[in-house]
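Next come two complexes built around chain A: one with chain B, the other with chain C.
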Partner chain A sequence: MKRFVVQNGWTIGLAVLLGLLLIVTKLIQPDFGLSGLDSLGRASLPFALATLGMAVVVIAGGIDLSLASLMAVCSVTAAVLMDGRGEVAAVPIVLGVLVLGACLGAVNGSLIVVSRVPDIVVTLAMMFVWDGTALLILNAPGGGAADWLRGLIVGGVVPKSFIFLAVVALGVWLPIRRSKLGLMLYALGSDAQAAFRSGVPVKTTKIASYAIAGLFAAFGGMAVTMSTGIGEPIPGPYLLASVAAVVLGGVSLTGGKGGLLGPVLAVFILRLVRLDLTLLAVDPNVTVIIEGVIMIGVVMLGGVLALRGQRT
Partner chain B sequence: MSVTETIPPFSRALRLMRDYPMLPLGLLLAALVILLEILQPGIINSRWLANTIKVAIPLAMLAACQTLTMLTGGIDLSVGIIATVAAFVTGTLSPLVGVPSAVAVSLVLALLLGLLNGFGVAVCRVHPLIMTLGTGLVATGLMQVYQRYVIATGSKIPDFLQWLGIGRTLGLPNSIVLFVPFAALILWAQKRSGFGRLLYAMGSNEKAARLSGVRGWQVLMALYVLSGLIAGITGLLYLGMIKQASLSLAVPLLLPSVAAAVIGGTSIFGGRGGFGGTIIGALILTVLGTMLTLMQMPEGGRRILFGLIVLAVTALFVRLTDNT
Partner chain C sequence: MTDQGADAPVLDAPILDASGVSKRFGSVIALRDASLRLMKGEVVALMGANGAGKSTFVKILTGALRPDSGHVRIRGREARVGSPAEARRSGLVPVYQEPSLIPDLDVSDNLRLGDTPVAAFRDRVDQLGIPDLRLDALIRDLPLATLRIVDLARALAADPAVVLLDEMTAALPTDLVERVLRVMRAEADGGRSVIYISHRFTEVSALCDRASVLRDGVTVGDLKIAPGVEEKVVELMLGQAMDLTSITRARAAAAAAGTPQIRVKRLASGPKLTDVSFDLHKGEVLGVVALEGQGQDELFDVLAGARKATGGMVEVKGAPMSFRHPADAIAAGLNLVPGNRAGALLMSRSVRENIALPLIAHPSHWGAIAMREEAERVAGAIARLQIDTRAQGEVRRLSGGNQQKVTIARWIASGVDTLLLFDPTRGIDVRTKRQIYPLVRELAAQGASVLYYTSELAEVRLACDRVVVIFGGKVVGAIDAADADEPTLMRLAYGLAGVPA
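This part shows the complex of A and B:
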């Protein structure tokens, strides 16, 4: 028991913080209940999925700056293809977009491996490429989505958006975490050279980490299209938010440490802070500033912590 | 003769590129201009030349921020927003408090944003990319709040900025008056001043620089403040050129500014390159932009192209430095 607490101290702390924030929200808005949780879940869904993708890449020792743009590509592709088609035709389209996301992520990873340029530079360049691709597919917000997709994340006794997130996260991550690939991802993140010498196929593992991130980005892009019913070619504010949530969630930016639960809890914490500010009738533009300051603060804290970790 | 026989021609070309990076850049620029003339005969004249220089100057100035930060292995992704902040504040405050104080306030703001970048990068050791993105986000939020208080007062573009931005003397744009001393200063500072050499030292090997007694965090702090200041001045120039204060004024220049520095031979990993190449890089991008406009390339295609250029050039430089 004690060992469990020590090992998962950070995550438990986050869960306690989240609980406190929920109580605060309830105090500010006494009738905050199921419908409030439902809209919170839906608003957090793209952020949570982007964060999951970012967390996998960061654990494997990389960083994917093109994630938000990749989400935009998947969102517009799905919206354009589904526009005017029937409810049944949407099924293969959704599956196709998920495969597309994984493939585009694999393209990012392969370019890093082939060009030997650091992750952060390659994904910065790819951010522009995917931005442009999304704009070429759809010049302005538009397209359509099948109705049953929206039904997947709206309402429910336990809000369906939470169930959707849990199913996606566990469905993708659990088999990977339990398999050899999961071990290799962590090994690559802790020390690439040691991993290479222990026989980890470093290049394939790196590409796999980006492909998994691409898959989560595709889910995230689908979540945007699902909740709005249209495709959005301009990437949302998911990039920085996901990096901040990953850092706050206890995943070290130097790689190899942390899990996926912490970052997801961090997403809900950041979203709840925003919700509370809105409930307190703070100007939404001021909310943007406060959010930005929190995110910068979190990454600065992460930087200082990483620095300390190196010294000891 | 025996030396030329033992080295295959391809790696000889690569070696030439590494030793004289300006040479292939100049050739590329000339080739692009010739291609433009073939695509649209008669386009190359003195008017076109003046126009190209005019468009390239703010780009080259923002690219100076990227060049200097890249020398230390960093990058500054907040320059587009800092330039916009300076321009927007000057434009909207001028009718309220007069031109000199408006310019002073906007430059102080640019300095403060640079200081925030510097604090995050130098003291907290956040990766410059993430730190400057975050600063950009905060600055955007600040501007949106600020906009609501000044939206009624209207805006005014100071006369001297208009003269600088769109005026011409003897067929040449007036912004040269600002740019030539600026470029001379940067070119001098990067190679001849102590600060410039510290930048190269930090970028080549930060640990070694630190062990040699360089106070790394002070250098980085000064660098990002300087970068913010340059971005602010560019914003003022751009305001005079576009003659409209808006919240997305200089933001589209961000990506080309990174591309100009990278094309100009400055390594994104630090320690290599300089502002001379960046100026040619900015000219290349401007000519390329004219060409893409002629071919009616949509905005999406442009972004893809810029992204791929940055990726290809950095990959090439990794190969070049690996061989040494």
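This part shows the complex of A and C:
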């Protein structure tokens, strides 16, 4: 039990922080209830899905700067294909877009493996490529989406957006985490040389990490289309927000450490802070400054606590 | 009878047979004609001076590199291996100098990664002397010696036909070394073949059946281990006969007179270093001998300004000093050559830059660099140390011995008052060692003081004037190097005999 708490201290801390923030929100806005949670969940969904993808890549020792642009490509592809087609036709389209996302992610990974150019450079370049691709497919917000898709994430006794997120996250990550691929992702991020020598197929594993990120990006792009009903060719502010949530969520940018629950909790923390500051009518410009300060503060506090833990 | 005729060669066939292996990197020829034959149950030492091509040969045997020509056959099958994973499947499992374990995973996850059977692993770990190892312990929390044992146990648990141990014992305490040698001998008697790479002759003669010697990329000899073979091996490695006693020492005559260069009084820091005092005079080489973890790391860190003392004091030329930053220590003339070369060098920069760094790393020297003066000093240091500069563009591409020379060269180029050498010959071949001892003596003769920690007791008489022995954070003996034979040092280092300091 004690070991569990020590090993998952960061995540538990984040959960406590999230709980406190929910209470604060309720205090500021006494009528914050189910509908408030519902809209919070829906607004957070693309952020959370982008963060999941980013977390996987970062755990495996990489970083994907093209993630938000990839979401845009998936969003517009889905919206254009679904526009004017029926409810049933949307099913193969959705599945196709998910496969597309994974494939485009694998393209990122393959380029890194083949060219041996650092991840950050390749994905920066690919960010521009995917940006352009999204605009070629749809040069202004438009297209359509099947109604049942919107129904997946709106309303519910427990807000459906949370259920949707949980099903996607667990459905993708749990089988991976429980298999050798999960170990290999952590091994690669922790020490690529040692992983190679331990017999890990490092190139395939790297490509797999980007493919998984691409899959989450496709879900994220779909989430944008699902909640708005249209395709959005200009990427939202998901890239840096996802890096922020990954760091705040206890995933080390040097790779090999952390999980996916922490980053998701961090997404909701960052969204709630923003909501609370808005409710308190704080100047939006000040809001972003406060968000930055909170991030540095929390990560620094984590470092101090970790040092204390080592000493005792 | 034909059956027998057909069977006999198979029984005698070598488990591993590499011959005519060559490899070049650009214009540098690393291997010309390397070969190695290994029979079932045989332990062969692979020996060679640094830069002889040993590391390249190991990489080819383990599948990390492809040879340009020649072949490697394992159990009679051509092993065109492309990765460590494939080499493993073909029956050769290496244990590298640095453990190849994943730091952020626990022991059992590391085993799972390579499909290592846990029960067999447990047995090996018990045999190797760490029965209380926790399988859920995170690799990064385990000490280095334990990691090497875990790495070895993992390799053996996979039940390979051949294990390759590359400087396996370099960071192990003596009792674990003995365990490893005993277990490996038992493995060989049980039919496993072992390739053993080590610079330590005592281990090679205790464990190995044969020694295969590599020089300048060519396998120049294959000797049976027998009494007196060491000299023959050294001769083959160096390409010429070398007299072990030819190193003469010009002792600093009036060393004890006057104010000492460095005076350490009752120094304490952390739990390990409790009470160390000594004087280091100008022109003197003072040896430091201690078993692993007796406070010597802390002592050197404090003197180099990387760690704060919690008690006692350090005087430089009679003036008390306290260092808050390594730059303070360097300004006071104390220069550290750390045991871990990687911690001292800029691995991806050139030899020249690495040597020149201390010349320019002072704020008062910021701004334009005196190019010509720097070039002269650096060239002088390179020539003096005979650094092999074929691969000078990036220090990481130099052999270990040449890297170590660079760490010493930088302080020679910038002029040195006091040199703190922490195990400067760890993992270095005989030839380079023989170049380092006279160099240390020469520095002392020019008036530098040298504090010389070594894990090889024989070095004390070759390089030092006096020696202090530390045990349990305290100086337990200070003796003249002439009296410092290995049994005496060993007894002191184990805290067995009290010689008044």
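By definition in this document, the second predicted complex is superposed on the first by the 282 of 312 C-alpha atoms of A that agree within 3 Å, B and C clash if a C-alpha of one lies under 4 Å from a C-alpha of the other, contacts with A are read in each partner's own complex, and residues count from 1 in each chain.
By our rule, contacts are C-beta pairs under 8 Å (C-beta built on N, C-alpha and C of every residue); 3 or more make two chains touch, one makes a residue touch a chain.
Here the structure is a predicted model, which is why all the values come from computation and not from measurement.
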| remark: Per residue count on chain A, the busier partner among chain B and chain C is B
| request: Go through the superposed model and pick first if A:A187 touches only chain B, second if only chain C, both, or neither. | output: second
| said: Quick check on the superposed pair: does A:G199 touch chain B, chain C, both, or neither? Answer first, second, both or neither. | reply: second
| task | Kindly classify A:R85 by the partners it touches after superposition: chain B alone (first), chain C alone (second), both, or neither? | result | neither
| request: Determine, under the contact definition given at the top, whether A:R178 touches first (chain B), second (chain C), both, or neither. | output: neither
| message | By the touch definition at the top of the document, which applies to A:N285: first (chain B), second (chain C), both, or neither? | response | first
| query | Can A:G256 be said to touch chain B (first), chain C (second), both, or neither? | reply | second
| Overlapping contact positions on chain A, where the chain C interface meets the chain B interface | none
| In the complex, chain A residues that touch chain C | 3, 180, 183-184, 186-187, 189-191, 193-201, 256-257
| Touching residues (chain side chain C, partner chain A) in the complex | 83-85, 88, 94, 96, 99-105, 109-110, 112-114, 136
| query | Which residues of chain A touch chain B in their complex? | reply | 65, 111, 115-118, 120-122, 124-129, 131-137, 139, 237, 239-240, 243, 253, 283, 285-286, 288-289, 291-293, 295-296, 299-304, 306-307
| chain B residues touching chain A - in the complex, by the definition given at the top | 75, 116, 120, 124-127, 129-131, 133-135, 137-138, 140-142, 144-145, 148, 255, 258, 268-269, 298-308, 310-311, 314-315, 318-319, 322
